[in-house]
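The structure follows.
Order of writing sets the chain letters: A, B, C, D, E, F, G, H, I, J, K and L. Residues in each chain are counted from 1.
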Amino acid sequence: MSDHVYKTIEITGSSKTSIEEAVRTAISRAQESVHNLRWFEVNNIRGHLEDGEIGHWQATIKLGITLDPPQ
Amino acid sequence: MSDHVYKTIEITGSSKTSIEEAVRTAISRAQESVHNLRWFEVNNIRGHLEDGEIGHWQATIKLGITLDPPQ
Amino acid sequence: MSDHVYKTIEITGSSKTSIEEAVRTAISRAQESVHNLRWFEVNNIRGHLEDGEIGHWQATIKLGITLDPPQ
Amino acid sequence: MSDHVYKTIEITGSSKTSIEEAVRTAISRAQESVHNLRWFEVNNIRGHLEDGEIGHWQATIKLGITLDPPQ
Amino acid sequence: MSDHVYKTIEITGSSKTSIEEAVRTAISRAQESVHNLRWFEVNNIRGHLEDGEIGHWQATIKLGITLDPPQ
Amino acid sequence: MSDHVYKTIEITGSSKTSIEEAVRTAISRAQESVHNLRWFEVNNIRGHLEDGEIGHWQATIKLGITLDPPQ
Amino acid sequence: MSDHVYKTIEITGSSKTSIEEAVRTAISRAQESVHNLRWFEVNNIRGHLEDGEIGHWQATIKLGITLDPPQ
Amino acid sequence: MSDHVYKTIEITGSSKTSIEEAVRTAISRAQESVHNLRWFEVNNIRGHLEDGEIGHWQATIKLGITLDPPQ
Amino acid sequence: MSDHVYKTIEITGSSKTSIEEAVRTAISRAQESVHNLRWFEVNNIRGHLEDGEIGHWQATIKLGITLDPPQ
Amino acid sequence: MSDHVYKTIEITGSSKTSIEEAVRTAISRAQESVHNLRWFEVNNIRGHLEDGEIGHWQATIKLGITLDPPQ
Amino acid sequence: MSDHVYKTIEITGSSKTSIEEAVRTAISRAQESVHNLRWFEVNNIRGHLEDGEIGHWQATIKLGITLDPPQ
Amino acid sequence: MSDHVYKTIEITGSSKTSIEEAVRTAISRAQESVHNLRWFEVNNIRGHLEDGEIGHWQATIKLGITLDPPQ
């Protein structure tokens, strides 16, 4: 959101409890392989039903990442 | 999401407490009349205000239902 | 629009005279088989041409229906 | 597409071979329970991958159905 | 949602804890300057990341306001 | 639509009789508090049902307003 | 809507009285230069305000035209 | 897709057998009256049902046409 | 934007230097064959890369044209 | 974009020379009456043609404004 | 579509024969560099014309990929 | 745009001077780490305001990249 260059990736996380936890799962997994996460936007909220109950919430986010300046 | 045929219906539930509860209310009511609910997608989140407070959260979902094979 | 659960169906009505009449035709037919119609939203307005004149207006609406509580 | 009243339902079919076959599967299943199917519109084309091969094509269609006049 | 005239404004609130709290923050601030808030629709859910954690949730809502009849 | 600066507001009017009257109700109320209305665009047409009849038509419009030059 | 090939053009008509008349104005003008008009879809409804009154309604339609078979 | 000026037209073709054939029918008819067709984009896939079978597939495409330089 | 009937065409122009020049190229070519151009709307901005540099900007516009009254 | 509450307004500016100047005109006029402008998003780029030349560029922006904390 | 975290990439394949083959080309190339492909969604169908014939079909898909758990 | 397979990435660049420069910044940074850039599409134009002036223009582009054939 400043004068950096950043790229956007799309990632989906899931949670048995809430939409917020599904978003956190996606972000948590993303930062194991990319650095400089800056912002996210929730683009899709879905879920799976098992025996009439919500088995998982799924949140798909766009994730903005500042690009490290190259050496 | 497999090789079944399924149909999609649109249903809206409400809750005084959270978006997740409004989704559960919709699903809970739907399964009184249809079987084989498989997935949902949250398409709209709204709410009503009463005296400046949120009276109800409303979540509109698309609900995927596997069609029973006919006899 | 309150704390009920409701479902949404999509229905198209037609009229030789106006958009409003095409909407009324759709609603009138719907209430022969479903109860508790609450609101509608006009999603599409089309028409057919016959000899360069408008033969029919067609209005496609989403129709919100309160679900009766089950016994 | 004429002066009838019709409703629209959303249904998803699948096929191992092609998009067209996935559409036919959806239509074929729908007409076991509803009559007077008139037209369809393909709204979504998806598929599942198994071992890097396309396991199923899935086509989601809106299906227009003329409502029988009530007696 | 009745026979009143109302206007719609767009407002964004934030919260460190949840989407629902971010919506409440927006509504709470809005009613300090406008009256007769009636409904809201959540149009966008975003957030900021600080050191790989969610620093703030942000919810952008459209807020429907009944216009007072003029004197 | 010329070289002026203008702003856009969103407003909803209602009418028991027609879409056009619902638009006029919105415009009529708006000009009690703002000047220099120039154009509108109809963004949403809805309605409420009472006992299976259309109780109110509702039209939501974007309304373009030329800004007075400041002194 | 049958097995013909047809093309679509976009045209805007206006009227001082109603949306329906604005659509008819567009169709009426179109058929002076093209034949075989089959259907239309209303894509945009706008209007101009003059002294706080609606000066013109404008309706933009897509117009489907059957192509004559070439000789 | 190069440094030419081109225009886009919308055209619909039909076929009893496949989506690809419906696209080819549209293109084939278009080039009887326009030259320099360059690319197409499939914007809509529909079909008609006759006795529960697909009577025609219909594909609506946008068709990009390089404009001949004027003399 | 007045009480005329007008049609809309879609046209794409290109430029090596700027978005504005790409729009001007499209308009300049259009008026060699049509008269009474009134307004445009930029619907798409693209470009081609050659050896990592922008070879051409491409702007796709909708172009509004007043229809001459027929004799 | 931080933990403030902000509102969004829509405003259109124009310029004889460029898209960027049309945006600046809108922002410049807005800050005569509102404070704490933070960001903008360009939602629409249009223009008017006079004698086949671009008379004005028009840029419609959404403008984010931090709300002053009330006393 | 389960409780995994997955990311989505966008990829375009082409084929001289059919839409399905263009999708397969995209998937086939993707799995040379990424593992655990799970599903796809067809987002765009285009093609190039050479001498009035379809030279290539192009299908752009979103491709869902389960992320391997990190060590 | 030919018979290659290509992927699409989303990247945002910024500039103090113009939209075109913001696009160039994004492309310039991208080609430090990926090869075979072919085309771009501008999907979003935003900016930040500092003391009522435009501090940065931001352009978000989709960038099409030909995939090298694997060895």
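In this text, a contact is a pair of C-beta atoms (placed from the backbone, for glycine too) under 8 Å apart; a residue touches a chain by one contact, two chains touch by 3 or more.
This is a predicted model, so every value here is computed, not measured.
Asks: Figure out the least number of contact steps between chain E and chain H, where 1 means they touch directly.
Replies: Minimum step count, chain E to chain H: 3.
Asks: With touch defined as above, tell me whether chain H and chain I contact each other through largely the same residue numbers, more than half shared, or through different ones.
Replies: different
Asks: By mean C-alpha position, what chain is farthest away from chain B?
Replies: The chain lying farthest from chain B is I.
Asks: Quick check: how many Å separate the C-alpha centres of chain G and chain J?
Replies: Those two chain centres are 32 Å apart.
Asks: Between chain K and chain L, what's the gap in Å when you average each chain's C-alpha atoms?
Replies: 22
Asks: Indicate the whole-number Å distance between the mean C-alpha point of chain A and the mean C-alpha point of chain F.
Replies: Centres of chain A and chain F (C-alpha means) sit 39 Å apart.
Asks: Where does chain J touch two or more other chains at once, residue-wise?
Replies: Only 1, 19, 39, 48 qualify.
Asks: If we count contacts the way the header does, which residues on chain H are in touch with chain G in the complex?
Replies: 9-14, 16, 25-26, 29, 32-33, 48, 55-56, 58, 60
Asks: Would you tell me which residues of chain D are touching chain C in their complex?
Replies: Going through chain D, the ones touching chain C are 1-8, 62, 64, 67, 70.
Asks: Under the touch definition given earlier, write down the residues of chain G that touch chain C in their complex.
Replies: Of all residues in chain G, those touching chain C are 19-20, 23-24, 27-28, 31, 37-42.
Asks: Applying the document's contact rule, which stretches of chain K touch chain H when the two form their complex?
Replies: 18-19, 44-49, 52, 54, 57
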